Structures are given as structure tokens and as C-alpha cells.
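Both of the next two complexes hold chain A, though its partner changes from chain B to chain C.
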Partner chain A sequence: MTDVPASAATPGLPARLWDLMGRRPELFTLALIVVTVIGVAIANPNFFAMNNVFDILRASVVRGIFAMGVLVVLAAGGIDVSFTAIAAFVMYALTMLVTNIFPGMPLWVILPLAALGGAVFGVINGLLVHSLRAPSLIVTIGTQYIIRSALLTFVGTALFMNLPASMEAFGKASLITWTGGTGVISTLPATVLVLVVVAFATWFILERTLMGRAIFASGGNPGIAERLGFNLFHIRLFVFGWAGLLAGIAGIVHVASNRLANPFDLAGMELEIIAAVVLGGARITGGSGTVIGTLLGVLLITLVSNVLVFVGIPSTLQLAIVGIFILIAGTIFALRQRN
Partner chain B sequence: MKTLAKLAGSAMIAGAMVAGAAMAQDKQSITTVVKITGEGWFVRMDEGVKAFDADNEAIDAVQVGPAQADAAQQARIIEDLVAKGVSAIAVVPMDPAALEGVLRRAQARGIKVIAHEGDSIVNADADIEAFDNAAFGRKINDGLAECMGGEGKWTSFVGSLGSLTHNIWADAGAESAAANHPGMELVAAKNESFNDANKAYDKAKEILRAYPDIKGFQGSSAIDVIGIGRAVEEAGLVGKVCVYGLGLPKDTGPYLESGAVNRIYFWDPKDAGYVMNVVAAKVLAGEEIADGADLGVPGYNAVTVTQGPGKGIIIQGAAWVDVGKDEYKNYPF
Partner chain C sequence: MIKTADRQTVFLALINVIVLVAGALLAGANFVDSYNLQVMAAQVPELGLLALGVALAMISGNGGIDLSGIALANLAGITAFLVASRILPPGDAPMAFSWTFAGIALCVGLAGGLINGLMIAYTGLTPLIATLGTQLLFTGIAVWLTNGSSVSLGYIPPLDDFGNLPVLGVPLCFALFVLIAGLIGYLLRFTPFGVKLMLLGSNEKAARYGGIPVKRMIVITYAICGILASVAGIVIASRAGSVKWDYGSSYVLIAILIAVLGGVKPEGGYGRVLCVLLAATALQMLSSLFNFLGISNFFRDLAWGVLLLALLASARVDLSYWFRPAR
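Right, the complex of A and B next:
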């Protein structure tokens, strides 16, 4: 793991490769993933088992959906830290509503409702950022606290163990079931499909629509974007709305695959998601970023945080390892972008 | 404004003293103040308080608490009770340090103060602890060891490395296993779940991968066993891996039913609520509670009494409850 920066920063490295990575930062993320995988496989050769691959994919789903929203906000030059609170609010309130009032509600109603609820919170974020003319970091820290507190005060604090049948079935649905040599069963959950759809939709918006162009333009330089005729107000409403919408969906996926709704869940995930997006090649200052790079960044973060026990690192040391990894990767990215 | 408040305050105190004097003549009153009303744990505690009220004709026992878990609101409620002039206050403190001032005022008025889960409180006549934490950890590990047949790899979970009781339980379990069961090997000890069932699940999955021959899990946070149970269930290892730990009957129910979680340990807030009132009544009657005393509640039949940080005593029971698939329904919380 530690020899990455050394080899990447060596002046002797072919300039062509360096240039290529400058143009396609996601290739660099991919290289980091490959190096990590090799490192882990050397430490514990059992790593290349199908159940491992499944587990890492499964653990990437909620992170990945969140990251798509963060990517869009970052690309537009903003930042959002309220998405975990939005997700917690939507998932808990909706689970409560469905359990107590409409126990038979099918998933195709629940998911759009969650998306709608999340989008409403997101649009409020956008309205506040625009009308207060305040940094989006401060605004979303504020709304994060308000949303979380409102959830715990007015909605509830108790766990929901018995989920509505449709959500339970969604969480248990599997695409592939695989039985390992020791009789351990692993499944690739159907929730992965949600990430696939979300990633495709985000890619389409960013790369194939006028809104996508407007987002990158406003993230690069809002003054010029405005003079080019892009409406910054609409862009802000859209990006925060999209982040909120995806947060709502991520919340339901979290509840379904967790098989319980706990209003205290998801808190504190914001920074690792933002880290994943930045490690995927998006600039924290806006104007750049790709869907594929972000997905690789999520995979990298999930990989690093999910293999530490496997490699045999004691639990007191695990956070430090993740931190060091983010630091190293982040530094290399900063160096590369300066070039 | 200030004078007005003072006036209102003294008027209330005067009224309370009259009322208190009137009440003292016929009935004693004990008010139990909990952290939050409406939560399953304290709804169950209220049952104990109500049972005590029904059993004791001469004493009025009620339970109150703030609508949200907030130390300041709890302090305000106690302030009101002091003004009202109850005979005794039994409190489950949200933040013990935040209540010291108001409890001192209560004691200065002659109100007896009983605490539960607050052994650091100075201004209390007695504090009641359900059990000795190290003994609780050993108890969980004993169950685990029996299930594992005293052989094989096992691991422990804690809510976080900073949460004191969880670490005492996990450490005591580890010591007990090392001393009594040489065949048991502790691997990757004290995994942090951050009180998040999903994190516990992810960690448990990882451990199942890293140690395919693992035989046992000991959980500390109430949601640890839920996450571990799901990992065990999904891996098709129900019956092959033993899962023991702190848990709440209603929340863990589905996993006890499926067998993914073998046994959960907790203490019954109903008994704690009842015993707080028993102790309050004894203190009011001037009775001394000696080491080894029987308070007439299961688990508190031979309590350990030690000196607390202030003038009060700390009363420790052995009031853990452990339930499996067949008994958990007896505890509806």
C-alpha cells in the first residue's frame, strides 16, 4: 500500500502515463484499488473469494448512492453534509408511516415517496444556499442539525424491528447466491441494481443534458456561467434537490438491507462519502468529476474500511489506517492536479 | 422581573410547604423521575412503580419524566418536585453531574434522594445498581463458553472503545474465558459497532471471512447481537456459531426466534423501578440497609452495600436477566 506514492511520484515514471492520469483521474483511483487488492491478497490469500466480492459490493451500495448526490453538488461548486440526516429522516418517518398506517404499501410506491421526501429537503437546502448567499457548507451543517433534531424530537427514537413486508423482501432479494467451500452462503443483493440505475441517471444528467453542462460551468466559475446565461438559482435548486432525492432512496435501501430502522443510523458518514468522491477525481472546489471515478472512489473507501479485520489489524488501529490511506491518496491527487 | 420571579417562587414554596405539611399527615409520596417518558425501557419501569404503588397503601408512588432526553428538562422537573414538597425522589439521571445542585437543594429540604445508574452522584441517600459490571461480563461469557463447549475461536464487540461499561463487560469476559477455558481463543477482540447494527453486521461478516472457523460472538451494545445475528443468519451459520450479549427482548426477538442469537442479557427496568421505591420507603422510615439485605425483589435478595462518593450508600444487586427463544416474550419491552 505504502509504495504507491513513491512509485507514482518518481520522476522516472513515463510522462505519458502521468499525462493520461491527468486527463483521466479515475485511472489513478483504479490503480490505487489494484495496489490495495494486491496488498491485501499478499497479507491474506483467501481474499479472492466470491463472497468477498459480494460483501464489498453490498457494502458499497448505500455509500455509492450518497456519493452520486455529493458528486453533483461538488461539481456545481457546492458541498452538502446534510444528506445523511435527510436519509435518516426519510427512512425512519417513511418506515413508521408504512408500518403504522399502510402496512401493505408496495415498494414501487415507497421508493418514489422516499425520493420525493428527500428531494423536498434538498430543494430547501438549495433555496437557503441561494437566498442566504451563505457558504453551502455552513447552510447544510445547519440543516443537518435541524433535520436530525426534528427527527429525534418529533418522529421517534425507538428501533423498528418489524419492517413492512415489501421492504423486508426488497432487502432479502438476491441476484446471485453462492455457497463457499466452508458452507458459508453469500448473496449479491438486488439493491445493487438501485445503485446501477442511480449511477446511470447521474451520468446521463452530467454528460448528456444542458443541466449537466450548466452544473460544471457554475462549478468552474459561477460568474462566467451566469454571464453565459445559466440560471444559478435553478442549478442550485437542482443539485441540492438531486442530492436530497438520492439521500431519500439511499435511506430506504439502508433500512431494507439492514432489516431495521434506527433513527440514530447513518450519522457521521458524511465525511467518508465526500472523501470517496474526492478520491474518485472530483475537485473539492467544483467544476469536475465523473460518475465512473466516483464509483471507483467509493469502492476504494469500502475496500480499505472492509478489509482491515481481514488483514489482521486490531480495532483500535483501524481508523488510523483509513485516515492514513485517505491522506496519502489525497496528497497524490493534489500533486497531480497541480501539475 | 427578578422580584416577580422571587415573589412567585416564595409563594410557590409557601404553598408547597402547606401542601407538604398536609400531605405528610396522611400519605408519603415518592416520585420516580426517569430520563424520558414513552420509551419502551421506561414504560416498563413505570409498571414497577405502579406495582409498588398498588402494593403499598400508605405511599403514593408515581413516575414522571421529560418528553425528550434532556438533562436540563430533567433538572426542571426535580425543581418542581422540590417546590411541591414530595417525601422522596427516585431518579434515573440523564447526566448525574447536571443534577447535583438541584438534588442538594432537595436534600436540604429534607427530601430523600434515591438514584439508579448514577453511582457518581454525591447528593443522594442511596444509589441502586442492578449488578456488578465485571460479574455481568463474566456471566455473558459463561453462557457463551457453555454454548461453544469451551473450545474454539471467539470475539467480542463493544459499542465504542470509549464506552466504559461495554469495555468492562468485554474485558471481564475475556479474563474469564482465559482463566476457565484454555480451549477458547479470543481473536480480533473488541470490535467497535458504534451502536449501529449495520456496522456490527459488516464487522461480523468480515470476521466470519477472516476466521471461517469462528465459534462465538459476545456483544455489548444492545444492537450488537442484532447485527451479528443477521450476519450469522445470512451466512447460513445458525446453530454453528454462538451469539451472546446484551440485548433487549423486543428488538432482538426475530433473531432469537430464528436461532441466530442464542441468548440475551439485560436487567428488568420494572424490578429496578420497584426496588428504587422500596429503598426510598426504607430510607423514609429511617431503616438502615445493611450488606446482604433482602429488598424483596428478584435479583435484589442479598444486596452488596458500599459507601458512595457522598454521604449516601451504593446498593448493588445481582439483577441480571437472561432469556433465550422461549422466555423473551415474558419481557415486553
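Right, the complex of A and C next:
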């Protein structure tokens, strides 16, 4: 990589950049974002309209909440693909419950209930991963199928078009209302606040608590972590529980902002969330990952899926581009790590 | 080792028999007549081939898995049809067209498998991320090529025969599947490659110090997975008469389920082709039985999920104590 003569005192710029990227992998994601944004802005200067910015933020919220859960699981050396099924189950069952039985339930009861429901599913995941001693990918593929098909078989398949008043209001609430020059009104939804709180809580857990230390330690090397006195069982319960908890919240946010509870929603989204977290610099084998990097990864994935049409790239190429980004970022991180 | 392996084969064969008998009892004699048996046999190869790919990737160890199988199968079918129908129109020389189609599909599969293998072996990407990325990439290319819609092959006699015609009571595609499974089984059991692959899967470090060319082994293994996926793609195209980017979206799970049901160790180092084959037939018959009984697809997915977890659990429980009095 370095064709600059290597001298210890003043390494060349490329070498220093390469080194910096190794220490801060999220900078690479940031670079990809900047390149994408500049490319789009050159091709279509209208891109910087405030409503586009708000749209991208709005589209990042649910992904971002999911990604925080996945980040914690990945940091602990596991992987979870069942969180979208958990979210779909919680959002649908809870909307059904509230609509049919407690139509007046306020949001401050609904959100904690969703979090609790999701956490229960998550803890079951953790229990299974620990007791079956099988790769968490395979275990959570199993629970994903069970949860999703249990929802469709036993709970229901019909859409809920008329949401309870409190959820409807939550989806409509706006932080900032911007009236553009042409009279276009765009709003920054209040759901963004949920992402802010969730991201802060995740950062606090990972960076400021003993559990955070334990998560990184068990992700880095489970054997050594165990000998250091960390309880792997508790860590697994916690990380999968946290992912489930956030999935429950993300489900309610999804319903509120779409104003529709569809049990078939969110299926297949898990891969792009994992992709976002990996793009954010978290190693799939655990032991690393930052909240900022993950948020950047989410932003990049959202950008790719929302703005390609602005530059005239057919939207059918979207999946392929996300795939290429994952391979490039994954390769660079893996190579850097080996040096 | 031999004893446990044999017991597993017997166990899986028993499951096959039980499902057949249960089918005959629950769904009537139609379930076991030769027509339905042929229909079921013709349905096995798609999933069976993908499951063999997953099994090989798992055996190679180090978190080995291939999530890109069905995506590559669809891409191979789509690319092969689009390219082959440019080269020569299918109506003029159906036989030549079919062989060209198959040849191109195999090349696409080999290329896709090589991409997976090279990324995993030489860049240090974990198999999970590499095949996740290529899964999106292959699916994405397939969407782009077809604009997201299904492409009909039209009626091409040799391909249609391959997918649907039984010869001496055995559907051709099933015969090919058994042949390929036999080859892979031979490769794993009786060649130096197979022995080395098992060693590599059970302990990579030891394998490297033992002088096994780890990188080359990984590349070859994933290349074989790619070829298996493209054969699955040919079977899908010939049976369905059309190719589509999202065909078989649940196959990723079911292929893993079959591999685990067949006793392949997800952590690597052990797996038998015969068991995977028996697992594939058992699962196919169970699936057909659900169809016969009019059980919904949602419930079937639930059953697969429960089955997968139950299998993982059964590997944790030592059943030998309960079997001992019987022997």
C-alpha cells in the first residue's frame, strides 16, 4: 500500500492516513459518505434541500435503533438476525392489544411495554445461544422463523390502518417544521429523539459501565474474559436482551411513523442493518465497535437507498452497491487489522 | 466415531421411513404412489445442492458458512439465460442452447464461488460477512439485469425434460443430484483433499503448522460451493421454466437446517454427505406432507424453526444412555 519510502520519523501522507483509518475505522465510512454526498450534489444540486435532509434523518431512525442493538451483540462476539422478527411481533401484537382492549393507553405505557416485550424475546435468544452452545447465527435464524411465523399463524395477518390516538400523535409530532422557498413544508419528526436517547444509552453502556468492558472483553476473547471473572452467561443474556429491547422500541417507532401496522413489514431488513454496523467499523468477530461509527454506517446505508435516484443510478442497483460497500469496507478493515 | 456416524445414518433413514409411513396413514395412499414419489424426488435437488454447499463451508471451519448460495443460483440462471439467448435463439437448436445455458451457468457459479473463496482466504474477511456481502451483490446484479421482474424461459424441450422427466422412474435432476452428492462424498471421504478439509475445520492452526495449504483449500472449497449453487440454479430454471432474482428466499435457512439436520458440525471439522442427502429427502417429504394436509406455509416455517433449535438441543443432550439397553 505504501509506495512512499518508509521512514520512521515522517511517514508519508498515505501511510499516515492508512494508519489513522486503522485506529478510527469510522473515518473510512465518513469518507464514503462524503464522496457519496459530493457525487450526488454535483449531479443534482437540489439534493441539499432541507426536506431531503429531513427525509434521510427520518429514514435513519428505525435503522439506527436496530443498529444500536446489533452493535452491542456484535461487540460481544455474537450475531443476531432475529431482531426484525421481534420488532414485527411486538409492534403488531401491541398495536392489536391497544386498539382492541385499551384504546386510551398513553405512549409512556406503550413504549416501555414494547421494550419489555422485546427484551423478553431477546433474553430467550440469549438463553438459547448460551445453552445450545451453537453459533448465534444459526440459533437466531431459528428464532427468527419461529417468531415471525408464530406472529403470522397465531396473531394475525390483517393490517391495522387505524392506529390508537397516542401512537398516531407520536408519529405526527415534529421537532422542527421548515417551510421551503417553494412552499414545501418538511418536518423533522420527534421520533429522532428516540434514536438520540437510544444511541446515548448504548454509548453509556459500552464506554462507561462494567458491562461495557465485559462485552468488549468477551467479544475479544471469550476464554480469557471468563478467566478474568466475567460471567459469559450474564453477558449473553444482556446483549441479546438489549438487542430485543431496542427492537421492540424500533417496532413501535416504525408503526407510528408509517401510521400502519403491517405484520409483513421489516422482513429481510436484518441484513442491511448488520451491513450498516459492519460498515461502521464493528468487527464481526467481536471486541470492537463504536456508536458514532455505527450511526455513520446507518447514514451511509440510508443514503445509498434514498439518493441513488438523484444521480440517475437505477434503483435496481441499490442492493449491489450496498453489497460492494460491505465487501470493500470489510476487506479494508480486515487487512488493516492484520498489519 | 464410526459407530456414532452409522447410528446417525440409521436414525436419518428411520426418519425418512417414519415420514413416509405417517404420510401414507395421514394423507392416504396417494402420498406413497410412484407419481408423488417422483414429484418429491424432483423437488429435492435444489435444496439438496445448496445444503451440500453450506455443509462444505461449515466443514471448512473458522465460522464457515455460505449465505450467498440461493442468490448465486438465481444469478447463474438469469445470466446464463440472458447470455445464451443472445448467442443462439433457443428455438433453433434446443439441445445446443441447453448445453450453452448450463455451461454459462456453471461459469457464473465458479466465478461467484471464487470471489467468496478469495475474499475469505486472502483478505481475512469472515465467511459470514463475505458471503453476506456477495449475497447482496449477486442479488443486486440479478435485480439490475432483470429490472426486478421474472424472466420466462419459454418451452425448451431438453431443459424441461431435465427438470421434469423421469427416466426409469427416477427424475433426471434427482439422478444428477445423487451423482454429485456421490462425488462430493467420495471427495470428502477418500481423497487427500477431504482429509485435509476435515483437519482444517477441526483445528486451523494445527492444519497450518501441519503444512496444509489453508488458503488454497478455502478457495477450492468455496469454489465448489459456487458450482453447486449454479447447478441448483440450472435445476431451478429447468423446473420452474423461469428465472427470478428472489426465487426461494427462505432457502438460506432451509439449506442450513438440512446441513445441521444431517449432522454437519456448525463449528467445522465434521460432516457426512450421505446424512445430508437423507436429511434433504426427509425434509422434502415432510414439506410435501404438510402440503397434502393443507397446513399453511407460515406454520411450516414455524416447524422448521422449532426443528432447527430442537436439533441443536439434541446435540447437547447425551442420548446414548437411553439407547444402551436397546443394543
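The criterion applied here is as follows: the second predicted complex is superposed on the first by the 322 of 339 C-alpha atoms of A that agree within 3 Å, B and C clash if a C-alpha of one lies under 4 Å from a C-alpha of the other, contacts with A are read in each partner's own complex, and residues count from 1 in each chain.
In the analysis below, a contact is a pair of C-beta atoms (placed from the backbone, for glycine too) under 8 Å apart; a residue touches a chain by one contact, two chains touch by 3 or more.
Since we're looking at a predicted model, the values are computed, not measured.
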Inset, instruction - With the two complexes superposed on chain A, say which partner A:Val278 touches: chain B (first), chain C (second), both, or neither. - result: second
Inset, instruction - Could you look at A:Thr187 and tell me whether it touches chain B, chain C, both or neither (first, second, both, neither)? - result: first
Inset, instruction - In the overlay, answer first, second, both or neither for which of chain B and chain C A:Thr153 touches. - result: both
Inset, instruction - Using the superposition on chain A described above, determine whether A:Thr316 touches chain B (first), chain C (second), both, or neither. - result: both
Inset, instruction - Identify the partner contact of A:Asn46: answer first if only chain B is touched, second if only chain C is, both if each is, neither if none is. - result: first
Inset, instruction - Look at A:Asn262 in the shared chain and tell me whether it touches chain B only, chain C only, both, or neither; answer first, second, both or neither. - result: first
Legend entry - Contacts of A:Ala134 with chain B and chain C, given as first, second, both or neither: second
Inset, instruction - Give one of first, second, both or neither to describe whether A:Leu335 is in contact with chain B, with chain C, with both, or with none. - result: second
Legend entry - Contact residues of chain A, present in both the chain B and the chain C interface: 152-153, 268, 314, 316
Legend entry - Complex contacts: residues of chain A adjacent to chain B: 44, 46, 49, 51-52, 55, 59, 152-153, 157-159, 161-162, 179, 182-187, 254, 257-260, 262, 264-265, 268, 306-310, 312, 314-316
Inset, instruction - Would you tell me which residues of chain C are touching chain A in their complex? - result: 63, 65, 119, 123-126, 128-130, 132-141, 143-144, 147-148, 249, 252-253, 256, 260, 266-267, 296, 298-302, 304-306, 308-309, 312-313, 315-316
Legend entry - Residues on chain B engaged by chain A in the complex (per definition of touch): 36, 39-40, 68-69, 161, 188-192, 194-198, 201-203, 205-210, 212-213, 223, 226, 230, 234-237, 250-251, 253-254
Inset, instruction - Spell out the part of chain A that touches chain C in their complex, as residue ranges. - result: 79, 128, 131-135, 137-139, 141-146, 148-150, 152-153, 268, 271-272, 274-275, 278, 284-285, 314, 316-324, 326-327, 330-331, 334-335, 337-338
